[in-house]
Every structure is written in C-alpha cells, then in structure tokens.
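Letters A, B, C, D, E and F mark the chains as written, and numbering starts fresh at 1 in each.
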C-alpha cells in the first residue's frame, strides 16, 4: 500500500504487522549524463516495485529525497541536507508512524552518503524504543553479485553514476539519460589507502565514477529485478515475524 | 526548469536570475474522502503548472512533502515533521542552492501548518544573508477571491479538506477522491475566540472542515488557474527584479 | 493578578482556571522619534490594562522583551533574539507554568516579527500537551478597524513606527516620544509582489514606516482602548471555558 | 544610559567605549514573604542606581528576568528558564550589541542559579570573539563584607530570601514585602558535605533560607549602597580600559 | 608522539604533516568474561603500538572512550554516549587541532557502534573544511583475513566479545580476562534477514557473541600484529601524502 | 571499584548505594614545563587514590579528559571541548548510570574551566530527576588551606601550571615535568577588576601562572594527601547517606 494515496480511515483499519518502508535518495550531481534525481528515482522505483509485489505486507511512504550529499557539493545543483536535517527527516517519519502504532520500519536506500546517518537515525530510534523492529539497506546491496556477473566495463562494483546506475536509469527512466554525454573515469589514491572520506571533486572532474558508457537497459533490468527480489524476500521475513535461533555452524 | 531532471552541467550554465521555487506540502489526514498526500499533490501540481508557464524564470525543486502537521497527529496516517526537522528541510534546500550562487527563493506552500515555520526558516536565512530575496506564499492565497465567488456550499473560505480542496483534487487527481465518503462539518468556539491554536480532533470528528460534498472539478479548475495565474505574476516580478519605490497614497 | 508581585503561597492558592498571559515585545529600532522599547512598552501597557480590567481572570507574567527582530538588525541598538532563543523563552515560560498545573495560556504580542516564532512555539507546546488551551494575538489586531476610521495620514493600517504606534506611545509614554524627529516614509516593491520578507533597511532609510508625523495622543487612546476591550472579551471567553459548536451558516 | 529609552539615532552616536550592562534576575519563589520577582527587582534596582551614578560609562539593557531556577521548581509560581534558553538570552543580547560594534559587556547578576550558565554563556562568547571584554558578577558579592558586619540574625552570609535579601527589598520595594509572613529556617546536611547541588524543597519547607525576620530597611540601604559603590568602581575600571601588569607580591 | 605527554612548546614546533590519530572505544558490557573497557583498551593498545612504530608520523590523542553503545544499554555497567555527545567529542577534538593547523586526521576505532557516528562526524568536518584529509577505520578491519585463518571456533569473523576479542585481550591485558566465565552463544534471525539493527539483549542472554571460550593469547598476538601492520601502512601513506591517479583496471 | 575493569555481571551485583565518581580534566597547555594532560593526570590520580582508600563506597569511571579549555586555545596543542560537547559527556555518563539504578554521583574536577559547565550539567540532571544526589568539587578545593601553609613562592593560591600544580605533578608523574623549562609569571589588571573572563594569552606569554619554579615533590605529596583525605571524607558522607538538619547557629 502507498500511504500517500490512502485516507486516514483506511490507515486506521490496517494491520500493524505491515512493514513501513521509507525510500531514501538524494538530489545530487550524477555526472554529465544522469539527472540530479537519479538516486531518488531509483530508490523510489525499486520501492514501488516491491510494493507492487507484496502490497499487503508493506506500507510505502514517499521518498526522503534530500540526502546527505555534502561530498558532492562542489558540483552545481547538488542539494544536500545537513546531517541533522536528514536524520530528523528519517526520525520524524518513523516517530510519526509509531504514534499510529506501527512497529516495523525499513529504509530502502539509494545513496551511499545516507548510510552513516541512516545508521545514526535508526540506532537512536531503537534506543528510545527497543521494542521496534528497524533496519535499512541499500537496494544495490541486493544486486551486487548480479553486477559482478553482468557488468561489462572494467569496474564490477556499483559506484556513483557508473555503469550500474546508468544501466538502472536506462531501464527505469531512459528519457532522462544523456548517454552520449557519459564520461568514464574516477581516480584512486596512490599509494592505496583505506578509510578516507574523499569528496567527489577530489576523485573525478566530471562527477561520474566508473564506466557509464557501458550502460545498457538490459543489464539495468537484471539489476533492478535482483534488487526487488532480494528486498521482497527480506521484507517478507520481517513482515512474517522472524524468531531468533542459535547459529548453526555445522 | 525542473532541477530534479537536469544534469549538473546544465545547472552550471543557468542564469542565476531564476527564482528557485520550493513547493511545501504535507502528508496528513484529509478526512474520509481525500488522500493523505492532498496538500503535497496540490502544491506540486500548482508549482509544476507555474514551471510550465514560465520555464525560463523558475527553477523548480522537488516538494518538501513532510509538513508540520502536529495538529492532525490524532488521526491515523498523519506523518508530521518536527518543527526543527521541517525548518531544516527548507533551510537546507535554500542554503544548498546559495552555495551554487542562486539568490532568489520562493516557497509555494499548500499547507496551513507550514506557514509559521516557513516564516521562521526564511527569516533566519535572510538574517544570515540579507542580500538574498526570499519569500513564501500559500498557493491558495491567490485563489481566495475566486473561491468567494465560486464556492457553492455555505463556507466561502478555503479550509482543510473542504469544498475548495476537494474541488482542486477533483481537477488534479480525481482518481484519488472518494467523494461518496465526504462528510460536511467542523466546529467553532462559543463564545467566539480569536488566536487559539486548536487541534483538528477538537474541531471535527472526521477530519474534514467545511462542505466537501459540494466539491466539483469545474470549480477546482477555476481555483487552480487562479492560483497559477497569481503565482506566475508574482514570480515574474521577482525574476525581473523589482525596485523599491515610494508608496503612492494618492 | 501580576505573577511577579505575588508570593509562592499566593500562587499556590490560585484557581487554575485563570489564563496565564505573556506579553511579547521587542527592543528594536523605531525610527528617529520612538524609543527602542516601543513594542515592549505597548504590549506591556495593554496587558496591564487588561489585567486591571479582569484581575481575577488573568495571571500576568513579565514581558518577554527580546523579540525576533533580525529584520531591524541593520539599525543601531536593535537587540534581536535568535529564533531559537526567542522560542525557548516563550516555551520555557509556558512549560514552567504547566508544572504548576495552569492550563490556559495566551500571548499578547506587540511585534510583527514575533508572529511566526510565536506560532512555532505554541504549536510545539500544543503537540506535546494537547489538553492545553494556547493562543496568541497581536494587540493591534483588535484595533485595526478603529485605526481605519481614526488614522489621519494616508496609511490606514498599523505598521512599524507609524502613525498608529506613534499615537499609542503619545498616549502611553509621551515623555519618550521625540515627535519633532518623526519622518514619514516607507517604500514598496514595483511591480507589486506578495510574500517577500524584506528587511527594514531595504524599505526605509530612517527606520519608521508610514506617517508618524500625524500621530496624536487622542487617537492613541482610542486605539489603546479598542485593544484592551477586544482582549478582555477574548480572554474572558477563554477563562470561562468555551465549547465547540456547529458553525451556523444560516 | 538606558538602551530601552533611546532611539536608534542616539545609539548610533554613542561612544563604543561604554560598558554594556545586562542585569540578570529570576522569577522564582522567595518564601512566604517576598515576591517572586525579588531577584529581578534587586538586580534591576542596583543596575539602575549604577547607571544613574555613571550614565556616560554604561549602557543599561533591560533585565533578563527569566533565570535558571530549576532548584526552586517545586514551589508554585517559579518560572525557570531552561539552561539552553537562559544561555541563549544572554548570548543573543551580547551578540546583537557586538553587531553594533560594542565590545565591553558586564552582567550584574541577582540570582545564584545564574552563576554557572552566565559563565558558560560568556566563555562561549569570549571563545568566539577573544577581543571582547566580558564579565559577570553577583551584585551581592560587593556587599558581602558589609553584610558580615551589619546582619543582625545568626546567619551573616547572603542566602536566598534571607535577612539580607529581605532588607534589600525593604529598602527598594517595601510595598511588596509581607514581613509578617517571614519564616526563619533552612537545613544543612549532617554530616557536613561539600559540592552537592540541593533543591530548595530539600533544604526548607517554606522556601526562604536564613533569618528574614531580622530584615530592616536600614540594613538594606547599607547593603544596596555597598553593591552600587563596588559595581561603579568595577565598571569604571572596565570603561577606562585596564592594562595587564605584573603581580606585585612584594 | 603522544599529545598528552607533550608541552605546548613542543607541539608548536611539530611538523603539520603528521597524522593526528584519535582512538575511539567504548565502556560497555562484554559478557561475563571481559571487562567493560575492552574496546577502549584494545583501540588504545593498537594505537599506542602504531605510535611506537612510526612516532614521527603520527600524533596520538587520548582515547575517546565513551562510545555509542545504546545497543548494549540493557546490560549493567554500559555507559553509552548519546549520538550527539559522541559526535561532538570526535568533532571537538578534530576542530581543536585544525585550530593549531593540523590537517590530517584518522580515527582508529575499536567499537562497531561507533562506525556510523564516526562517519557522520567526519563527513560534517570534511564538508566544512574540504581541504582536510580525514578518515576512520576499525582496527579489526586490518586483521579480518588473519582471523579467518587463525580463529579456531566455528565463527571466523570478528564479533562482540567473541574468540577474536577475547584472544586480543589475552594478549594485551590478560589480568582482566575471566576466561573461566566465558560463555559461547549468540542468536541469528530465522528466516535470515539483512539490515536489521538488533540490540544485544535480543541476540544473546549473556552479552558475548560467538566463541570466546576458544580464545588464546597466541591468536590474539597475531591479530594484534596484523592490525598494527595494516594501520602503520595506511597511516604512513596518509603521512607521506598520497596522490590521486587513474584506476588501473588492466 | 573501577568500572572499566569490571564485567557487567559484577556491576549487576553491586550495591546501588555506592557513589559514582567521574573525574573531569583537560588536555590543554600548561606552560613550557608541564604536559598538556596535567589536569587529567592529577584528577585521575587523586580519584584513583580515593578509590583505593574506600573501594566499596565509590565506583570510579574513566576520566572525562576533554575539558572546556577555550581560554587556552591560543596555545598549541590545547584540545578544548565545546561547551555542548563537554556538558553532553558529563550528562551522558550520569544518565547511563541512572539507567542501571545508581543514584549518587560526584565529579572530581581538576580544571577550572570545567566548573561552570559542570554546574550546568548537574543542575539539568537534578532538575530532570530530583531524587538523585549529585555534586562536584575541584580536588584542589580540599588542599587550599594546605597550600596557603606550604607553598614557598609568593603566590599562596592554586592557579594554572603554578607552584602547586607543578608540585603535584612532581609527586604524581615526575617524568613528565620539565622543571628546567618552568617560567614564573602571570599578569593582573590595573586597576583591579572583578568578574572578568580573561583568556590565558592575555594574562601570560608562556602559559603558566604563578611560581612553578618553586615546585617540589614534597609539597606536592602533602597537597595530594590533603585532597584525597578531604574527598574521602566527603564521599563517605554521601555514601552513608546524610540527613538534613537545622543549622546550629548557637
């Protein structure tokens, strides 16, 4: 179900076992070939496909579209939430729904910069109210193995405005892709380092990272389906109510 | 232009004279006949019509859809932002665009509860950066006089989930209106008082206020056009750059 | 009753039906002819007259004199509260009195810049504690119609350091008015615009707006009495406990 | 000079060597015999006497009357600021005046609970702007030695609603003192302890501490004059601009 | 170098190329066999070993020992920082050192719950000051592959109070390990889920997770050395100043 | 008992009558002869000696080492917490332990700049939860009279990096004292003033204040023992549970 389209009377009658799903995206530069709303478009599209697959198990909220994008702020058009503002948006949405007695929440995230504040936001919520079930995952976590198999360019992982995101956009919103403008690129540190937080203007002149020129709608569709399948399985498990059991190391 | 659909390269090339327009709405109960997203749908639809009318003069952002709706929180499904969260959303969007050297901002608001925090948000922005041009208006301010003429029920002003909002929704998104569920109503204090902040569950059992059963798409279209016309005139004046002149009391 | 002059024992014995009244003002420039404390002086004087009229119905607090005056900050002497600081002052006062089991609160405001943060402050209070009765009004709202009749200059509405405020000060604190220094003026945008937040140094060189030179104590007294009469009626209704009834559109 | 009574034009012309003086008080229980506003009344009266003595050296602001009084919150009528709200009030006042290029600030405090937040507030201000001269003192620090000599009851130090405060009020605002209601009392820990923060309802049933029944206007006048004399000397030193010299231990 | 032991004169003379290293730990339950300070002890020990290895390249600060441990709060003795408090601690330390013109910062983290707030803290710092080099890593990230080889129990990954942490403590602070009290355990969800944030009292009755009973000092030493080696390499790269180069996919 | 070294099981079994002791220090310049960690080293050493003296009566937490040191920020190496960050650290520690049902808290402070925020932190805690017993004291308060007797240089009071602190460090951590670098000094205002908040770079070029060159380990030991003795007596009184009794003025 989509909360936005329901009336208060209909919400009142819902089972409180449903998982409240909140897509989180961004409005940030995606190179010369993808629109600023790419992350929001993809997180929304995946979430809506999940909702279509299991409409009775999830209650979909509108997308929190203003992500934590300070690392892209050097590129024109990036609209980054402050950390406090982003965290408040996620928490306000969750707290409002707990007031109506919903207890299960899951963020479907489409933007890497949201991972840390999503964690902070949900950990605070869980500390306040330990009986809630809360979680978050990047949609693209569920298509990483598919990506390793299908991506044609040299970079097999999913990065920013890369072959994978370009492919997904060619599947979901092809009219917004300027494929002829795509530029491959992206720098790494030498010597190799671990753990550094770099801004995108340090890593690329054009804003994309990887090999968008290899993007195809066909690969995008496969990645998209993998994400939806994985999320449907995960949310169904949360909806049905998991139990905690001993690890079986056997 | 719609920022969400543009690339960073395109934004880079824009004139900084354009007015950055941010629609502000809500996700809150609208009685048994209108969807929770009503305010966001209407603010967005009006803003998009304005953008279509004067695309070179405005740069439209996505809608800040989580409004300040605590006065509706007793009704299931209402997702209210905290005041701090709402104000942060507006300010983050404005501050991000000032980083890219835009200087003119206007909020097109669709929800009464946002009026006070919009004022606080913009006054703080203006105090930080007095050279900016900032403003906000309810879209329905521009159709009030039309409403006085056209509304058929006993209440001639625009209230919550009333004849006017129902008419606008019948024009903009008729598939989301459950007109057969509409209930007229709404209470006032006796004796009459001024200045009180009442919650909606104090004023109405069903969540709507006024005479939604009188709503028609035809009236909705007239109100919609009045709002668009008024906003186009206002934003064009801001785009062109007004001057300050003596009041002519003659 | 005036809280400041009472002892804790006396407060303990009060009826909790009384309306706690908090005047809100400012310390900000009022042109070359009025003192910086004008808004606080007038809000206080009106509130004290209300308290004298219905002493058993209201419990008057000292004036929150540091208003939200950033739009006057370019003029020397203006002492503006931050929005957060102003909102905290109002909320702290209300919350402290709810701890002592008072439940009815009304702000008598004398400064336009406080309107938005008063709304935010009280809406948050009401959301936390929906059983409270809270409200706010500008004292000058109650003398607007009187002003339209009585004001002699070309501007018939009440603005900043204008004929009306000057007249009120000539009635309340004539020794603080430098009438010979008064300058008429004040600019408007051309073309006309709606919703913009302008700073006072954009609208006037001298800090006053309108026609203070027309001010008279006689008009001031009439405006003052109208404000007191309106507020007495409003606060009496709140004290007695209003009920909510159907609107009578008949 | 009193800022409240001045016009913006007059402030504009002031020397920036003057010391901006901000009285800080409270609205809190003072036992059965003194009004809630006692601390604010006394801090204000002392500050005004200082201003009358050296009008060209100080610029007096209105009193920050809502103090940090949580330790009195169990007694009806106490209106305590939150720590954040109180600190914001002090800082907002100082920051606003630095905007107008004043550089010397001194708080004349009348309430023990304000000491810690005054320190925090001014230390933050000084850290932001190390070139400012900032300071604070309780007015009663300057009459402690006089108190040791003159107080007639067994307690020779200045405490809450005690002989000294009662005497000061009998000097400054005798019409607000209910001397016949005064009750002597106040508890101490056994065994003796150091550093504990106790609330007043732990230390006294009636809210006063010490021997108010011994209060006289004559002693009050002597204490008052000692406070004014000490503050005049201190503020004159700040006004004239002290230098830093070696300690002379000889 | 260890900042705590240096004088201000010595710091003044340091090269600003050194990497400021801040260990981050926790004070939280670690089951019946490990002390509450385990994470802080280990992060500190690793960091001090790194400092001993490359003393001229790093400037070691004391450990931020109060971690974000709300997920352990159900167990007695856990002292969790609030998210805001933890983030402030990290940011205050970094900002203070930027005031002294240091530009390279790295957090050596010993507690999983700090990962998200470390990210938020550093991303805000980097957004404010994009010229800084900032990063963070868990020390145990650098011994994960060693763990997969050496750990003897069924769980080959590093979890809370598990075989790996127990082994490390047996190497670093054996007198604080109550190995005879160790209990193996830890639950997983069935069906399997991804992305949920569970509190430790949901996953284990005793507070440890995995197979601490398998812990040995020998394995601990190997893990410890792997962590130190990895961090020395990483910090040396940051000290020497990396460059950004094209990815070599060849 | 030292919380850091205990397991959760052991904490669970503790009496809740113990006083939770939190040392508070700083990492700030202490002139050319003392290490930056001086205040933290001393507060920790005193607190640990107290814990050794009465282990069953106190539960010692690790030291909050990042103090409020903005007044030293001009000297290299000073790492000052923000006021908000420092207050959060103290409050988070206390609140975490109240969750585990401890009710008595005492801060042993080693840094003058922490006095005001310690007061603010604890006053807020006490206001939230009036049943708690909370307090704070500088350890050096308990050796002031000993200092007046024993200090050999011209300054008999305990100041920053002075003879007393130097003596204490020669007793506690002689290997960290560069006594040959010590410089006597420190300026005062002329004319004398009261209540000003001065930064250390205004009062001394070298960062120390007073006569460190007179410092001896022997005097340090006597001061140390006086501090421990005083704190043991105070904490024992709090542990045993004081009562409130009438002041005996006889």
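Points to keep in mind about this one:
In this section, a contact is a pair of C-beta atoms (placed from the backbone, for glycine too) under 8 Å apart; a residue touches a chain by one contact, two chains touch by 3 or more.
All figures in this text were calculated on a predicted structure; none of them were measured in a lab.
For the pair subunit D and subunit F, there is no chain touching both partners. Annotation of subunit B and subunit C: not jointly contacted by any chain, touch as defined at the top.
Subunit B and subunit D have centres, each the mean of its CA atoms, that are 48 Å apart.
Subunit B has its Cα centroid 28 Å from the Cα centroid of subunit A.
Centre to centre, using the average C-alpha position, subunit A and subunit D are separated by 56 Å. Residue positions of subunit D with contacts to 2 or more other chains are 73, 80.
Chain contact topology: the protein chains form a single closed ring, every chain touching exactly two others. Here the chains make one closed ring, and walking it from subunit B through subunit C gives B, C, D, F, E, A. In the complex of the two chains, the subunit F residues touching subunit D come out as 68, 70-71, 73-74, 80, 83, 106, 113, 115-120, 122-124, 126-127, 130, 133-137, 141-142, 154-155, 185-197, 199, 202-203, 230, 234, 237-238, 240, 242-247, 249. Of all residues in subunit B, those touching subunit A in their complex are 3-12, 27, 29-37, 40, 61-62, 64-66, 73, 75-82, 84-85, 88-89, 91-93, 96-97, 99-100, 176, 178, 181, 207.
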